[in-house]
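Across the two complexes that follow, subunit A remains constant while its partner is subunit B and subsequently subunit C.
So, the complex of A and B:
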C-alpha cells in the first residue's frame, strides 16, 4: 500500500493503531470458516469520527474496507477477500449508557455481547440474543449477521433488539437511524436494512439496543429419548401446549455418541436429547416445567433432569456445550450449516441429513435450536483425504435442497458471507437478488465496503 | 381515463370489479385524515395474479396505483393524491392457512385484523398487534404503516410479526421475501423494508405472520390519580419493577373531563388515569396485578379497579374507548399526532403540549400508550374559525419540536403519508432522506406506486 496513504491513516488513528506487520496481517486474515485472506493493513480506530475519516480516505482511493468484530463468523463476513484494510472494532468497546427506566442501552460496536449481558444483568436487565460465541463475539458482528441463539424462539434475534444505529456510509458520511423508542415509523426502516447486511452497506459505530427486565427465575430441563421421533414430537407438543420455552435445544444420536465418547455425562443411552429452558415468574416456571416433563414422558422421554440454580443449570448445559469440541473426534474439519425448517419438519431434516451423509460417505451430526427449527447441520470431514471436500460440497448442496423442500431457509443466523453466496440462488429468485444488488449499489457505488460478500460471483 | 385501458382492466378483473362511477370514486377518495382526492377508478382484484396484471398495465401506461385497505389511516397513506387507480384489497380477504404447531398463518392483505385475531384465538393462538381500528382495518394496511397499538410495549408492533411477504413490484413482477420460520438471514431484509413503506415500494398480496400461544389469563386495572406527575411516575415505576404489562394506557385530565362530560363513568375526580393490563399464566397475573396496585397507591393512585372477566374488563376499557368520540365535544375537528418519547418523558410531553395549546389558543388532549411513550396528542379545532387551522399547524410543529427535544420520534404508528411529509426533515437528516429516496427510485423508477407519499415536496 502507498506510503502516503499509510501516513494519512496514521494521522487519523494515531501511531500504534495501524499495523502492516505480516504477523498482524496474518492474525486478522481468518475467521471461524478457517479460510484466510491477507489484508494490506489492520486499523484500530478509537472513535466514530476516526472511522468516518478512514472511510472517506478509503473511498477517495477506492481501497476496500472490511469491518471486523471478533472474527467468530461462520460464513466469512469479516474476511478481506479483496485485500484492502481490515478495520477492527476492538477499541470501540464502550457501553455508553444504560437507561434502566426506558429499557435501552447505547453501545459501541466492539462491546463483547457477553460483557454487555453481564453489565445489564447486574442492573436487573436482560439483553436476550445469545449466540454460542457470546463470550468473545461483539455487538457489531451480531448486528452485521443478525445473530441468534437458543433464546430466539421466545425472545427473537438481534434484529428485534436494535432500536437505532449510527452508521458511517461507504463515502464517509455519518447517518443516524431509528431512535430510543420501541415504536417509530418515520420513513423506510433503514435500521433493519443494516441489520444482517454483513457490513456491506456501512460501518456501524453506535447502536441503541432494547433491554428487557431480567426474568425472575430460570429452570433447565434435560430429557433423554429412546428415539428421535419422540424428541422431535416433544418439540412440537411443548409449543402446542402453549409454552414458549426460552431454549429448546435438540441433540441427535451422533452428537450424543461424540459427547459421551469425550466424557461420561450419563447420557449415552439416548438416541436424542432435548435441553429445555423456561424463564419467567417464580411459580409459573415450576408449573411449566412440570407440564414439559409430562409431555416428554408421553413422548417416551426416560431420564428427565431439572435444575434452577446456576450450578445445576450449568451442569445440564454441559452436554450441549461439549458438542462442538467433541465433534472433532469424528474428523478434524467441520462444515457447519445453520439451516432452519418449520419445527414440525425437524425429524425429517435430521433423518434426511443422515441419509445424505450415508450416500456421500460423510460423517454428519445435527444439533441446535429445535424450538425455532434452526438446526446446525455438521459435516465432519478430513480435508486431507482426496475428494472429501468435493463430496462434502455436493452433500451440503443436497442438505440445502432438502431444507428448502421442507419449507425452510439455508441460513438462520450465520448469514451468507462468502461460503453461502454460491447457494443464494437456490433460495432467492433472480429479481430478489437484483433488488438487493441495487440497494448495495445505491449505498456503495464504489463497492469498497466489505466487497465480495453476500452476492454470488462478486 | 382511456377507454382501451378501462377495457383492459375489465378483462383482467372481470366486469363489476372495476368502477368509474362518481359515487364509488367519492367513496374511495378519503381516509381518516378527512382529506379527499378523487381517483380515476376503483378496482377490486380477486387474486395476486390479477394485481400483477393490473400493475403491469399501469406501469406500461404510467398510471398511479394506490393500494387501499380500509382507509382508516391517519396520515393519508391510501389517498390518490396524484389521481390514478385505487386498488382495493377488499376481495383479497382470505385466511389461507393457520399452522398451529409452527405458529404462523398465511393471509391475504384484505383480511380484517380483528377477524384474524378472532379466528386464531378460537384455536388458542394470538396475533398481538392491536391498532384501535382493528375491527375494520386490514392486515395489508397494518403492514404498510407498521401498525402498533396498546400491546406494543410487551409484544412489539406489526414489523415483529411479519415473517414473509409476497409482493407485486411496481413493474408487475412478483417476488417473495422471508419465509415461514422465525430465523432467516439470507440476503438483505427486504421483508422489513416493505413493512412501514406505506405501499410505495410494492403491493403486498400475501403475508406470513407469526403467531403466539394465547395468554392463559388477562387482568385489567384502572387507576385514578390526583395529579399527572403521580400517573407518569407510576408508568416508569411499573416497568422498573420488572413487569412488562400488555397495555399501559395513559389518559390526561382533558380526556377525563371530556369522557365524564359524555357519560358518567365515575372517573371525574381524576387528574390522570392509567389503564393497565397484564397477561400470562394464572397466578402470576394476579401477583403482578397486586404489585401494580401497590405501585399505583405509592404514587397517589386513589381509586383502583380490577377485572379479569371479559365483561368486567370491557367495562374498565370503556373510558379509554370513549375518548376519541367524546373529544368532539371540545371542537368538531381533530388533528391526531402519534408522537413517541422515552417513557420517562411522558410527563414533560403532556405538560408541554398543554402549554403550547394555551399559547396558540388551541384545545388539546393527550392519551395513549404510556408504556412505550407513544402518546396521541390531539388538537381539537374548528376549521370554520378563521385562522384556526393556521394556528393549529404552527402548534403541531411545536409539538414535534418538543418531541424531538425530549429524544422522541414524530410518528410511532401512523406513518408519514402526506400529513407528516412536510415535517420529515425535522427528524431525519438530508442524507437519510436521500437514501430512502434512492431506495424508492430503485424499486419504482417510474414512480407509479402510491406516488406523492412519505417524501416532502414530492
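So, the complex of A and C:
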C-alpha cells in the first residue's frame, strides 16, 4: 500500500494502532470459517471520529474497509476477501451508559456480549441475545450478523434489541438512526436495515440497546425421549400449551451418542433430548415447569430432571454444551449450517438430513434451538478423504433445498457472508436480490465497505 | 512431546475469552488461535523468527486457560514451548536468561549466589512487608517485592532421613530451597506426622521447568535425567513436592523429555503435596483453635495441568479455617516463570487483577500451593497496598 496513505492513517489513529507487519496481517486474516485472506494492514481506531476519518480516506483512495469484531463469525463476514484494510473494534470496547429507568444502554461495537450481560445483570437488568460465542463475540459483530441464540424463541434476536445506531457511512459521513425510545416510526427503519447487513452498508460505531428487567427465576428441565417423534412432538405441544420457554433446545440421537461416548452423563438411553428453560416470576416458573413435565411425559419423555440453582442448571446444560467438542468423534471437520424451519417441521428436517447423509455417505448430527426451528445441521467430514468435500457440498445444497421445501430459511443467525453467498438465489428471487443490490449501491457506490459479501459472484 | 494437532484449531476464537495476556493486550497474536496461526505460518516459511513471532510465543504465561476452554482442546502451551525451543535454536538465549540459567542448573552456583545475597542482605535489600526490595536500580527488579534469600534448605537439612511408610522422597524445588524453606519444613513435618518416611536427597537439581519455559529443552532434559537417577538411588516409593510447577514438571514433562522406563517410573511416583496427603496417605487434619478466613488461589500448574482443585480446599476446611472463594480462583497470577522477567509491566497488570479479586473476599490469608504464585501474589498485594498473609496450604495445617 502507498506509503503516503499509510502515513495518513498513522496520523489519524496514532502510531502503534496501524500495523502492516506480516504477523498482524496473518492474525487478522481469518475467522471461525477457518478461511484465510490477508489484509494489507490492520487498524485499531480508538474513536468514532477516527473511524470516520479512516473511511473518508479509504473512500478517496478506493481502498476496501473490512470491519471486524472478534472474528468469530461462521460465514466469513469479517474476512478481507478483496484485501484492503481490516478495521478492528478491539479498542472500541466501552460501555458508555446504562439507563435503568429507560431500560437501555449505549455501547461501542467492540464490547463483548457476555461482558455487557454481566455488567447489566449486576444492576438487575437483562440483555437477552445469547449466541453460543457470547463470551468472546462482540456487539458490533452481533449487530452485523443479527446474532441469535437459544433465547430467541421467547426474547427474539439481536435486531429486537437495537434501538438506535451511530454509523459511519462508506463515504465517511456519520449518521444516527433510531434513538432511545422503544417506539419510533419516522421514515424508513434504517436501524433494522443495518442490523444483519454484515458490515456492507457502514461501520457501526455506537449502539443503543434495549434492556429488560432480569427475570426473577430460571428453571431448567432436561427430558429424555425414546424416539425423535416424541421429542419433536413435545416441542410443538409445549408451545401450544401456552407456555413460551426461554430456551427449548433439541438434541438428536447422533449427538446423544457422541456426547455419551465423550463423557457419561446418564443420557445414553435416549433417542432424542429436549433441554427446556422457563423464566419469570417465582411460582409461575414452577407451575410452567410442572406443565412442561406433563407434556413431555405424554410424548414419551422419561428421566426428567429439573434444576433452578446455578450449579444444577449448569449440570443440566452440560450435555448440550458437550455436543460441539464431542462431535469430533465422528470426523475431524465440521460443516455447520444454521437453517430454520417452522417448528412443526423439525422432525421432518432432522429425518431428511439423516437420509441425505446416508445417501451421500456423510455423517450428520443435528441439534440446536428447537423452539424456534433453528436447527444446527452438522456434516462431519474428513477433508483428507478424497471426494469427501465435494460430496459434502452437494449434501449441503440438498439440506438447503429440503429446508426451503419445509418453508424455512437457509440462515437463521450466521448470515450469508461468503460461505452462503452461492446459495442466496435458492431462497431469494431475482427482484429481491436486485433490490438489495441497489440498496448496497445507494449506500456504497464505490463498493469499499466489506466488499465481496452477501451477493454471489461479484 | 504431548500430542497436539494444529488442524484441530478451527479459529473459533474461544481462547479470546479466557487468555489473561489477551485481556490486557487486546491483539490477536496474544490469544491461542493467533499463536497457532503464526506457528503454522512459521512452519510454512511465511514468517521467520521475527520480532513479532518471538513476541507472540514469549508473551504467554502458558497458563493453559485457552486449552481448557478450547472446544477441541488445542494444546497451545505445548506449541508455545516448542516454538520457544525453536527460537533458542535459531537466535540463542538473551543474556539475562543465560545468567539465570547458569544459576538454576548448577546447585553450587545457586547456593553461592543465595548465600552471598543473604550475607549482603542489609546492603542489597530493604525489608518491606512480606519481602524485600532491591536497593539497586536493576531494571524492573527493583520495583518488585522479592522474597528474602534464606540460605539453602537442602544444605541445611543435609541428607535428611526419617523412617516410616511409604518412603517418600521430598523434591524441594528451587524457590523453596533458596527463598521459602519454611514450606519445605512444614511439608516434612506433615509427612512425618502422617507416618510416612521422609528422604531428602541433597544432590537433587532443578525440575527443569524454567529451562523448558525458556526454550532450553536440552538443559531441561539433562536435569530430568539427573533427578531420575538421584531419586532412584534414594529408593523411594513416592516423590512429593510442595511446588505445583515442579510437580507438573516431574509428572508430565519428565516423561516427555526423557523416554526411558526409569523416567516413566519416576513420573508415576511423583505427587503434589496436597494430593499425596489426601489421596495417597488419606490424611485427616483437624483444627485446634479458631480458624482463619482463608481464600485459595488455584495455581495453573495445579488446576489445569494436574487437575487438582479439591484437595487443597479440603485440607484448608478440615483444619478449621473458613474458606471464602475469590472470583476466578483459577485465573493466572501473572508470574509465568520467566514471563515476569521479560514482561514485568504486563505481569504486574495481570497480578493486579488477582490482587483485586483477593481483596474482594475480605479474607485475612491467601493460601495457594505454588511458591511462584506466593511470590507474585505477595508482590501484587503489596503494590495494591493490601496487607494479607500469603501462605502455602501446608503452612495452614495444624
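A few points about this structure:
The rule is simple: the second predicted complex is superposed on the first by the 458 of 458 C-alpha atoms of A that agree within 3 Å, B and C clash if a C-alpha of one lies under 4 Å from a C-alpha of the other, contacts with A are read in each partner's own complex, and residues count from 1 in each chain.
Just so it is clear, contacts are C-beta pairs under 8 Å (C-beta built on N, C-alpha and C of every residue); 3 or more make two chains touch, one makes a residue touch a chain.
Small disclaimer: the values here were computed from a predicted structure and weren't measured.
In the superposed model, B is the one of subunit B and subunit C that contacts more residues of subunit A.
Touch criterion met: A:244 reaches subunit B, while subunit C stays clear of it. After overlaying the two complexes on the shared chain, residue contacts for A:287 are found with subunit B alone; subunit C is out of touch. Once the two complexes are laid over each other on the shared chain, residue contacts for A:432 go to subunit B alone; subunit C is not touched. By the document's definition of touching, of the two partners only subunit C reaches A:26; subunit B does not.
By the touch criterion defined above, A:100 lies against subunit B but remains apart from subunit C after alignment on the C-alpha atoms of chain A. In the superposition on chain A, contact of A:227 is made with neither subunit B nor subunit C. Common to the subunit B and subunit C interfaces on subunit A is no residue. Chain contact summary for the complex, subunit C toward subunit A: residues 7-8, 10-14, 16-18, 26-29, 33-34, 37-38, 41, 46-47, 50, 52-53, 56, 71-73. Within the complex, the subunit B residues that touch subunit A are 99-104, 124, 145-146, 148, 152-153, 156-157, 159-160, 169, 173, 175-177, 179-190, 192-193, 195-197, 201, 212-214, 216, 236, 239-240, 242-244, 280-281, 283-284, 287-288, 340-344, 369, 372-374, 407-416, 420, 424, 427-429, 431-433, 435-436, 438-440, 442-443, 454.
Those residues of subunit A that touch subunit C in the shared complex are 21-24, 26-34, 44, 70-72, 90-91, 93, 112, 114, 133, 135-137, 324-325, 328, 332, 334.
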